[in-house]
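Consider the two complexes below, in which subunit A is the common component and subunit B and subunit C are the respective partners.
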Partner chain A sequence: MSSSSTAVRELQRDLENKANDLSKLQKDIAKNHQVRKKYTIQLGENELVLKELDLLNEDANVYKLIGPVLVKQDLAEANANVRKRIEYISAELKRLDASLQDLEEKQYSKREAILKVQQRIQSHQAGKAKA
Partner chain B sequence: MASSRGGGQQVMRMGDMEKMSLEQLKAVKEQADVDVNLLQDSLNNIRTATARLRLLHSSTTFLRQGKKMLVPLTASLYVPGTLDDADKVLVDIGTGYFVEKTMAEGKDYCERKINLLKSNFDQLVEVASKKKTLADEAGVILQAKLKQLSPSN
Partner chain C sequence: MGKTEVKGTVTSLSSMFPAEEAQKGAKRVEETLLEKQNEMNQLRDFIADNTSLINLVQKLPDELHHDIMVPFGKAAFLPGRLIHTNEFLVLLGESYYAERTAKQAAEILKRRGKSLESKVDSLKAVMQDLKAEASFFDSTASEAAEGLVEIREEYEDESSTQRVSQSDPLEQDSPSFTEPDNTMGASEDEEYARIMSRLEELEKEELAAESYGDDDEDQDNSPAESDGDEEEQTKAVFDREKNKGYSSLDHDQRYSESRKPLQQSEGKDPMKEEMSKNYHHQDLINQLACTGLTVEPVTKGKMSHSGTMPQDTKMLNPSITASAPSEKKVKFAVEHSSRNEKSVQASNSGFDGSKAFTGSIVEHTESMEKNLAHQSTTSSQLSGSQPWKPVSRFKMQRK
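The block that comes next holds the complex of A and B.
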């Protein structure tokens, strides 16, 4: 009798730990969504800039805002910079996608594990009620 | 819940919603309402951006050399000045890049941006109205189910 109640207590502790893990995973997923939104917006803006730069003449004057001052920049250099940034952001988005998938798989398996523990607790309690 | 955002719900049909439980329906309705609000916000943002571009576009027509104006030094202090160079404008194209353009090119830039925003706006309106009908349908079915349940209680 007492051994079964300690087992239930053990399971409940286990359940609590798993629930904490799950909420942590969910927080991570929400964070991932937020960061991804930020990067997507930046990617869109950079693509607009690149389109605009592509439309310019070779001899157009391009300036970059650095702090409060406008610094003159080569069109080719600006173009390369924007391209590099788009590359970086795309890579970052891909990385975020991979980690999101990983997190969602983890979340799913955690849920399964929690369900199993809950079932075991229930069967323990049902057995106790019978006894 | 977070993972169910996006595509999945758009393929939902009336028949599917009839079969859903009350909780599911409620969730669908709430999600659709949230989406509708988000889209409405985006539409408003596009509207204000277009208005600003229109203003810029019209201001390119009356900027002439020697034009007298008041230049803001702070939000409440303006000093008189005259426009020295009316051919060249500096256009902010985003992410900190500025490009020197002639007045005509600047005007062209405004027109292009307005057209881009307009096409985005039209696309968004379509998505928003679809979402709205989905939300309304979910609301109607939810009401009907609640009515069905209440007399038996």
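The block that comes next holds the complex of A and C.
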């Protein structure tokens, strides 16, 4: 009698731990989503900038706002910078995608584990009720 | 169907989708819809800002300078003057600025407006989807609340159920009734094989008949009889074919189709038989009329040979017309194929082509060229307004 109750208690602790893990995972996923959203917005902005830069004349003056000052920049340099930034962002997005998939898989398996633990607790309780 | 067993299952919709759950789902969809609506409003604000900015940018260079109140700090303004009204620093994004004129700036802004509009369009589509989803959830919730039931029944194929019902021995005795429907492909294949074997048989018979006919013709110079025999033979064969149950249109077509490749694959020998058998004269005439060979002067000595030809064609024609329509179809198909082959041969080499119709005129190979000429003359006459007149003329000349 006492052994079964300790077993149930252990299972419940296990369940709690797993639930915590799951909520952590879900938080990570939400964070991932947010970061991804930010990056996609940046990507769109950069692409817009690139388009505009392509449309500019060779001798147009381009400035970059660094802190409180506008620094004059070469058009070609600005173009290259923007391209590099787009590349970086795309790579980052890809990475985020991969990690998101990983996280979702983990979440799924966690959920399964939690379900199993819950079933075991239920069976224990049923056994107790019979006994 | 008259079956008493229950095939379907009945489940109440509320047991699968409880009304509260459906309502919860509907609420969630509504929320996302509201979110999208806010986004849409924001986008519309952007567009309005953008258009007003475009107007301002276009208006500014109209004057050399503008007297304005310059904001100074949070609450103070001081009077100022706007000069260089045609020079703009446009923020391109990502803290990049470009020096532009008013016109160029306006262009940039217009492009920005366009991208905003495309965003609005895509958002609209998303919102429409969400609306549909929301209405679906709503209807599901209301249906579940009303206590609707879902009836599910396994779909069963008509024929399969029939087969199952035919399990008693009496009906198993006649499987041929159901077979054609169910195993169409297999039976067709089988039939095809049967037809092919029958064809081979026919070819053999033709070969035998051919040799026989040749012998006959070697003796006789006017081989109307032998040709007629052959004609009858083939006719009999075709009749047998018909009696076997191949009389339906489909099968005839199949037969003629399968016949063509067979002939082509077997080389020239069967072709020769085919030609010499029944149609070679007519074929030749037709073909010659088509190819338009040059007509050479006719010598009387050769007339007698060509004289046999019209007789043959005459013999041939009634038999064709007398035969059953389905049969005729086959014959025409064969004739057609042989004619095609013939023309190919003729164009390839004149000698081969002329040899191809040697069935009844084997003995005249030495005067092939002239024979051709004769026939071409007849053909040219035949192709005239009165096709059968020359026959009688030849006959007269022969006599």
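In this section, the second predicted complex is superposed on the first by the 131 of 131 C-alpha atoms of A that agree within 3 Å, B and C clash if a C-alpha of one lies under 4 Å from a C-alpha of the other, contacts with A are read in each partner's own complex, and residues count from 1 in each chain.
Going forward, contacts are C-beta pairs under 8 Å (C-beta built on N, C-alpha and C of every residue); 3 or more make two chains touch, one makes a residue touch a chain.
It should be emphasised that the depicted structure is a prediction, and the values quoted were computed from it without experimental measurement.
In the model built by aligning both structures on subunit A, subunit B clashes with subunit C. By the touch criterion defined above, A:L70 lies against subunit B and subunit C together after alignment on the C-alpha atoms of chain A. Within the superposed three-chain model, A:Q26 lies in touch with subunit B and out of touch with subunit C [touch as defined at top]. Applying the stated contact rule after C-alpha superposition, one finds that A:E10 touches neither subunit B nor subunit C.
By the touch criterion stated above, A:N61 is placed in contact with subunit B and with subunit C alike.
By the document's definition of touching, neither partner reaches A:D97: not subunit B, not subunit C. In the superposed pair of complexes, A:L48 makes contact with subunit B and with subunit C alike. Of the two partner chains placed around the shared chain by superposition, subunit B and subunit C are both touched by A:V82. In the three-chain superposition model, subunit A touches both subunit B and subunit C at residues 42, 45-46, 48-49, 52-53, 56, 60-66, 70, 78, 82, 85.
Only residues 2-3, 90, 93-101, 109 of subunit B touch subunit A when the two sit together in their complex. Only residues 26, 29-30, 33, 42, 45-46, 48-49, 52-53, 56, 60-66, 70, 78, 82, 85, 104 of subunit A touch subunit B when the two sit together in their complex.
Contact residues on subunit C toward subunit A in their complex (touch as defined above): 89, 92-100, 108, 111-112, 115.
Per the touch definition, subunit A reaches subunit C in the complex via residues 42, 45-46, 48-49, 51-53, 56, 60-66, 70, 73, 78, 82, 85.
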